[in-house]
Structure formats: C-alpha cells, structure tokens
Amino acid sequence: MALRGVIPPLVTPFRPDGGLDLPAFESNLEKLAAHDFAGFLVLGSNGEAAGLEAEEGLSLVAAARRRVPGRFLLVGTGMESTRGTIAFTRQAAGLGADAALVLTPHYYKSRMTPEALERHFAAVADASEIPVYLYSVPAFTGLPWPPGLAAALSGHPRIAGMKESSGDLGLLGRVIASVPPTFEVACGNAPVFYPALCIGAAGGVLAVANCAPRAALALYRAFAVGDHGRARLIHEALVPLASAVTTGHGIAGLKVAMDVAGLRGGSVRAPLPPAPESVRDELRPLLERAEAAAG
Amino acid sequence: MALRGVIPPLVTPFRPDGGLDLPAFESNLEKLAAHDFAGFLVLGSNGEAAGLEAEEGLSLVAAARRRVPGRFLLVGTGMESTRGTIAFTRQAAGLGADAALVLTPHYYKSRMTPEALERHFAAVADASEIPVYLYSVPAFTGLPWPPGLAAALSGHPRIAGMKESSGDLGLLGRVIASVPPTFEVACGNAPVFYPALCIGAAGGVLAVANCAPRAALALYRAFAVGDHGRARLIHEALVPLASAVTTGHGIAGLKVAMDVAGLRGGSVRAPLPPAPESVRDELRPLLERAEAAAG
Amino acid sequence: MALRGVIPPLVTPFRPDGGLDLPAFESNLEKLAAHDFAGFLVLGSNGEAAGLEAEEGLSLVAAARRRVPGRFLLVGTGMESTRGTIAFTRQAAGLGADAALVLTPHYYKSRMTPEALERHFAAVADASEIPVYLYSVPAFTGLPWPPGLAAALSGHPRIAGMKESSGDLGLLGRVIASVPPTFEVACGNAPVFYPALCIGAAGGVLAVANCAPRAALALYRAFAVGDHGRARLIHEALVPLASAVTTGHGIAGLKVAMDVAGLRGGSVRAPLPPAPESVRDELRPLLERAEAAAG
Amino acid sequence: MALRGVIPPLVTPFRPDGGLDLPAFESNLEKLAAHDFAGFLVLGSNGEAAGLEAEEGLSLVAAARRRVPGRFLLVGTGMESTRGTIAFTRQAAGLGADAALVLTPHYYKSRMTPEALERHFAAVADASEIPVYLYSVPAFTGLPWPPGLAAALSGHPRIAGMKESSGDLGLLGRVIASVPPTFEVACGNAPVFYPALCIGAAGGVLAVANCAPRAALALYRAFAVGDHGRARLIHEALVPLASAVTTGHGIAGLKVAMDVAGLRGGSVRAPLPPAPESVRDELRPLLERAEAAAG
C-alpha cells in the first residue's frame, strides 16, 4: 500500500552557479521527514531529473536513503532506452530504492505505440529487483497515455501501480476501472487531487507537498475519514498555491515557495528561468491560506 | 438555481432519409419529463444543432415548449456571428425558452481572444430578454476556454452561469473559484460528473441522461444528500455507458442506447456515420448495469 | 483548367454596424476583374462565410455573377450537414456559380473519419450540377486532411480538384502525387505559394490577391514561364504582406490593406475584432514592397 | 558554407541484442564518404542519440573523425541542461567535431520561452570552441520554434546556422527572411527539401541520404545548376522513399532500406520497435525508383 497517502516529489536544490546543492537537499528531506508522508520521490520531473548528470542522480538517491532509512523511497529511473532504464533501475535498487517510477519514453513519439510501451515497461519490470510504478506526464512528454496500457501491465508481479499526472480525471477513472484494486493509481496533479481521491485514486504525488506539507496531508486525511466538507475546504485553499507552483511559475516558483516556507529551494538549473522577484510576495499569502486551512 | 441537478441535452431524432422526426422528439420528451430533471436542453451539441436548418431548430424549440410547459427550457442559440446569435436568441425567447446556452464562436479560432469572446457574450446578454449561459466544448470547437473569462462576465445581470464540457476538472475548479456562488457552473462531461460535483459544480448537462435518466438522477441525489459511497458506486456503474455513448460511439451510439431503453433515438444526419449493428449488443449490458445501480 | 493561376477569395465588406455592404463588394469585384485572375471565390473563409446569414450569401453570389459574367465563379457551399450542403450547392448553381468549393464538415471532429468525409463529398458531388472542389483548412476547422482522401474521390466525374490551405507542403506533395494530372490542387496559403507551384500545385487561392493583385499574378506568371529567379524575388516581397494579412492581423488586417490599396475592405463582423489603427501604417510599406516587385 | 549541399544524419547500427555496432557504423561511413556530401552528422535524431549512453556517443564521434578526416563533421550535442550541453559540446570538439548541432531543450516545454532558449543557445555558443548550429524538430520535441529566435541569435559570432526539421515552409521562409545571408538554414525534412531550396534553404540534412545518397545529391545538384525540371523529377521519385523511411516506418525502416541498399543499418534499440519483415519488399522498389531518377 505504498502510494496510499501523499508523497512529495523532492526538488533538487542548485547553487546559484548551477552546481548541485546536496546539503540543501538533505536539509529539506530532514524537515519533510517530520511529516506523515507515505514516502518520498527522488528524481521526478519536479526534481529536474531531466537536467541532471547520472552521477548527480545517484548521489541524490544515496543521500535520500541515508536520511530516511525506514521510509518508502521511490526513485525516478526512466530513460529513453529500455537498456538504459534497466541499468539505472538496478543502480537505484543497489542504493536502497524501494521502488522505481518509470517514465514513458517519448522522444520518438510516433513510435511509442501501446505495444512498444508495453514491451518497454515489461522488460524493465522483468529485470528489476524492486517494484515498478508506471509514470505518465503528457505536459512534459507530449505523449498521451494509451487507455488500456495499465490494465495490460497490471498482471505483472513487479508492476505495482501508476502515477498519472495529466489531470484528466476521465482517463484516471478509466485506468482505475481497468485494473485490480491492488494496482495503486496515484494522482500527480494537485488541483485535481481531491476529486481524484473521490473516484478511487490511492493517493497523490504532489509538488505542492514540498512547500505546504501540512495542507496536503490534511486534505488526504479528511478524505480518508470521510469528511468531505473539510476535504473540499482544504482543496479550495490549496489549489491556488498548487497552481501557482506548477502551471503558474513552475519549479522555480515551487522553490521560492519552499524558501518562504523555511526550506531551501535553491536555484533552478538553466535553461529553466529563475522566478521573478515578485513571485515571493505573490506566493506568501497563498502559502498562508493553504497552511491555515490545515488547521 | 436552474442548473442544480441534471439536464438532458435532448437528441434530435431523424428519419432514415435524414428528415427531422418531430414526433419522435416529442415522444422522448414526454417520457423524459416523467423524471425529476432540473430542465431540458434543446439544440445542444448532442442535439446535432450544427447540422440543422434554422427553421428545424425553431420547430424543436416550439415543440419542447408545448410538451414541458412548466419546466426549465434551455436552448442552444450560439452562432458564429454576434448578430446572428442575438437574433436567434430573441427568436428562442419568443418561442418560450427560459434561458439561452451560447457556444463560443470558434471558426476564426486565432481571433477568438478572451477580449473578443467577452465582447461577444456581453453583447448577446445585453440584447437578450432571457438569462444567458456560457458554453465551452473544446472537443467540438477546438477552442480552449480562457481561464479568466467566466469571472469577467459573471457580473453581467443576465449571464447566469456556464456549461463546461472539456472534462478538465482543473479548469472547472479554477472557474468555480473565480465566480460568485450565484454563478452556476454545470459539468457537461458525464465521466467526471461526480468528481465535478465534489469540487462545486452545480449540476450536469449529461448526454447519458437521455438513455439512463434514473442513474444520472440517482447519482446527483446521492451526492446532494452527502452519500459519497453510493454516489461513487453509481458513478462507476454509469461511466462505462457514458463513455460508450460519447467518446466511444458518439451521438449515433447515444441514439442506439435510447432505442434499447425504449425511447426513439432515430437516425443521425449525414455526414455523421450510423452506429454499427454490434453497438446495440455492446450497449445493452452497460445500460442494465447503470440503471441497476440506480436501485 | 479552372484553378491554373490565381483566384482571390473575395472579402465580404460590412458597414460599421455589421450590415452587409453589397455596393462595396461589387465595387471591389469590378476593380479586381480588371486583372487576369483565373476566377473569383465567393463565400470562402476570407469572405467571412461562417458569419453570414443564408440570404446574405445568396445575394453575394448573385451580385458576383452579375459583375463578372464571363469569368470562372467558385462558390463556397460547405455546411455541417450533407443535405444542407447539397441544398446550398444547388442554390449556388441556380444563381450561376461555375463550381462549388466544399469545406470539410468539422464540428463533430472525431466522427469525421476518412470514410465519413468520402461519403459526404461523394453525395454532394452526386447531387451537384456543377463541378465540386474539396476544401481543407485545418487552421479554422481543426480537422487534418486524411492523406488518401483526395485520391479516393479523384475518380468522381464531378470532383475536379482541391484547395489545400494547411501550408503543409509535405501533405500537398502527397496529395498531388496521389491524383491524376487532371485533378487540380490549389494552394490556399500565400507564404508557401511559390514552393507549392514548384512541386506541382496548379495555382493559388490567395487572400493577399485581394490587396496586391499585381504581385500575386506576377509571381504566378514568372513561375509559369520558368523564371525562378524572378519568382523567388516576388515571393520574398509578397510573403511579409501575405503573412500580415492572414496570420498577423487576420481578415480585419486584409480589409485595412484593401482600403490602403484603394479598394473597399470595410468592417469585419463581430465577434471578429477590428484591426488596431496602427495596422494601416504597418501594412502600407508591405503593400508598396509587394507591388513594386511586380515591376 | 558548411551546410550548402546534403548531409546524411548517420544512423547508429545496433546488434540484435541492443549493443552498439561500431564496425557497422564505420563501414557505412566509409561507403557514404565516397559521395560528394557536404559533411556528416553524428548523434542526430536519426542516430538514436536519445537512447545512447554518453560514452557510446563519444565513441561514435571519435570513430567518425577517424574515418572522414578531411570532411565536415557535425555532432549533435544538445542536452536538457545548459551546463550539460556545454560540457558535451566541449568533449565533441576535443574529439575533432567541426561544429555542434544543438537541439532545443524541451522537457519543461512551458518554460522554454523564446528568452530561455535564447539564453541557452547563447551560453552554449559563448562556451564553445566550435561553431554552433541551432536545431528544431517539433515532431520529437513537441516544442514549436519561436519565429524570431534565429534572428536574435544570428549575430552571435559562433552561431552559424540552423537545421529546421518541422517541414513547415512558411516558418522556414520566415526564418530565412529574418537572418543575414551568411546564416545557413538547412532543411531537415526530405519531402520538402526541393521546395525549401527554392525559397532559400542552404541545403538539407536528410535521413534518406543514408540509403539513397545518389538521388539526394542529384536533386541538390539539379537545383544548384538551375535545372528545375530535373530537380522536380528527382523530388517526385525521392519523396515516396523519404516518407517511407521517416513518417512511414521510422528509423527501423531507414535501417532496412540501408540493408537493401548494401549498407549495414542493423537493429534499432528498444523501445523502438523493429520494422516488420514486409517492409523490405515495400522499400525495394522505392529505392530503385529513387536511385534510377539520379540517372
């Protein structure tokens, strides 16, 4: 039941010169570990994995494993090639990852048919020592998720679930309806997290949990105990912040929000542009509103 | 509170030769009027309004008005030009429409800026004797809804709400958060109807209500009394049917489902292709499952 | 050989109050008729056909027929329904149209399969007394042209050719390669008119020909006599204007350019927004450059 | 004048087990070097660069440099991060690359504004010892090219040109019109290569040149000497093959065509699916037609 609850996709702080700031990463993780998260994701999209060198990624996995020894550690290991994904998944497992989150390969979009993707995920899972979660995020990959693919893979003994980040609840519902209840589907899109729970999502992998951990967790708990009134109130307080730190200002905005919240967001790595100065003042009241709703 | 509940977007039955089958339309309306719908929509997308002659449309409005004299009658009146929309809205009002549903003009997509759309809707509402509801359905128009437009128009005394049919609950949530509570936002996409209610949609304008009226209404009532467990069960039973009669088989499929359910769907008008024969057998168990869930 | 050369898609001038300005339309046509155009298109996309009432359209056809009695008159007759298109095509033929330009129906996009479109065009051509030209303009319809459709229809005795306005020369080339030489393919996108001629387009239906008739015709003539050096020079002088009056400022910009050129563009019909005042000064030097290149 | 002419984007042959087949790569290069190409591209999209490990890429660059010591060697060096791109560009230069082809970063699409891309390319060029060429291929990246970006960068002393692979000749024409004549724009889309030359493209980087080198070069030469009749004939013979080995069957198809042509295409790397057996028989006559046209 690894994805039942909330998982923050950890950001990767950089120094102003673009170098990896591992101490800031560890400091954030230490603070976030005080919360009742279901686990932690390293090397996700919000972790700027696409812009990291391979060794940097491994150092983040190792650091995370050291810092949260008893917690569920999910690691993004998807590469464009099947063999590269297998190799990196093995390395992550060797460093103590509990499970791998495998992004859809997407550069050769028109060739990534449902059959090609099925072969890819199955080959990765066949070769993996740890459970594999499927990962679709069309806003970044430009590749829509084929509706039947999760069901086709859900029988594999090492494919445990999926992170669906499109925000399309019609699709999320179809996926959930097509898989056995043991196959966990997490929502990767905070503005639709509450309604996704209502239709059967197991939990959420939510960028906003990096900067508003209490609100994200309070929303999940309210839903879990059937308090829809409270869940909707927190939802309404959380969504403006969640939108601002994703579609609004992107990872740079999320990092500013973390700074405001007392964590260490740090810089983004170029070519991601830094957030303008004014974002800090825009995010502060949104953060306050979100955390106030957590009560 | 016109949109609180469920409204079926009435289909327009055609004879096999493509001619309008007004008796079938009236027969359906008479049967559907036995249900506790919040109202009825004539000349929506599911009513094949795009393929009707102007006089045919007016005859449908007049017939509907006769058949459901005391019920809320919403009429689709959007045309590509502002002046054409104004003229048709006046004609519909003259025939007894209670409100107008105004589609985004969309042929000249790149020119339909938020400002151009705002001027269009405001001009139509200025000239209208009846309340106006905004209508966005990007799957047909190819035009996304500008996030701030509903808020900009929500202060107009004759703009009463919106039908949002994209199925994007992130957008729906942003619209709801941006307008006063008196501005009603209806969901036009059955697979996300239940989660849309959870985040504040007033009701639903649902194609599937034409063929499964009891299930659509039971879902709304379960939500309205706070029975989320029952709401989700009906949602799960209704969605496969709702998907089949929209994204799956389109209006032709919806009409077959109505035939199976004892109404008179009739033919679609070319170039819409007829549903294959096999659809009837595919839809029957979906219909049964949906209506069984209504209890 | 109707499409060999250049055809202007005539604009529809409106008075400032949005009413049809038929005298301005006739005045423009009289002036344009002095040029060696292959014919004239009435009720195309640039003619704002989508925003016209049916009677307005017929009055434009009748006026055009009176004004250019011996010239090739092409009329846009495509509607969303097959029966509506057939009826309007007959009306246009009755008023003296030489051929019909039939737009792809597109509102129910996901149902407009190649088969549905083939049946539509074939049914229209079967019922038509005049030759039919296929018309695809995805920027407005949101519907891509199925690559094999022109070939499938090219054997019909009354389907004479196609206007392809996507600007995708890969597609244009595939269409040309798939049809017999008697099936004429016109380019509806001025920025790629010259390269389209190089790969076998018969001619062009070009918005810019309304305001820069000499340049558009000079480009075609240079190509026709094999003077590629001159053709490219005119192309380079014409494209900035052509882009400004289509993608840049739309039909409102085209109408301003016509005013500057001594014709009567008039107003656009709402919700199309008027061009800002500054456009006049922006277009004047582009017009001068284009017409100067015509020598 | 590096891009004047034709450059094959070299494929990367793999063994059936997915391992790099360097001898096959060198064998192909030796054979292609007998032709009058303007140069060779290593690590482009057709070279499956997205699925290569870093060391594999470097070994291909080194091998290419050894095999074609006096020829223009262009190397794809674009990564998602600016610092990663700079580092890899330096490594390629150190191995003897004559110039770098830098793909648009694209994972964080919505953040890749014209300004962010301009800073990225400028920073890479500032740090590079070798000339830099910009590279846009929206079919893979999902990122359209901002029209003004080439002009903004064309003044940089080490930015020498661009490879534009969208196939949108309207865009290609705008780019060419916006840059000085010394800034070379190559077409990366064989079906529009001939018309791209007609409007000012310097040359082509063409996948089909791997399997039909004589035809690709003959087309360029015919254009270069002003023989448009011959150029168009070769264009018509070449396009069916070029489409088949790109949009039709992808890189797997291109590799089969190379096998048929006597080179060593080898396997693709998973998750790219292998071409079905029937492709060989489909491609053979297309190859024969293309090479026959070369005379």
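Chains: A, B, C and D, in written order; residue numbering restarts at 1 for each.
Heads up, the rule we're going with is that a residue touches a chain if its C-beta (ideal position, glycine included) is under 8 Å from a C-beta of that chain, and two chains touch if they have at least 3 such contacts.
For clarity, every value in this text was computed on a predicted model and none was experimentally measured.
Visitor: Which chains contact both chain B and chain C?
Guide: none
Visitor: Examine where the copies chain A and chain B touch and state whether the two sides share over half of their residue numbers (same) or under half (different).
Guide: Same; most numbers are used by both chain A and chain B.
Visitor: If you average the Cα atoms of chain C and of chain D to get two centres, how far apart are those centres in Å?
Guide: Distance between chain centres, rounded to whole Å: 36 Å.
Visitor: Measuring from the mean C-alpha position of chain B to the mean C-alpha position of chain D, what distance in angstrom results?
Guide: 50
Visitor: Hunt down the residues of chain C that sit against at least two other chains at once, touch-wise.
Guide: Not one residue of chain C touches more than one other chain, so the list is empty.
Visitor: Which of the residues in chain B come into contact with chain C in the complex?
Guide: Listed in rising order, the residues of chain B that touch chain C are 18, 45, 50-54, 79-84, 105, 107-113, 115-117, 119-120, 123, 139-142, 247, 250-252, 269-273.
Visitor: Using the touch rule from the top, collect the residues of chain B that touch chain A in their complex.
Guide: It comes out as residues 167-170, 173-174, 177, 189, 191-192, 194-196, 198-200, 226, 228, 232, 235-236, 239-240, 243.
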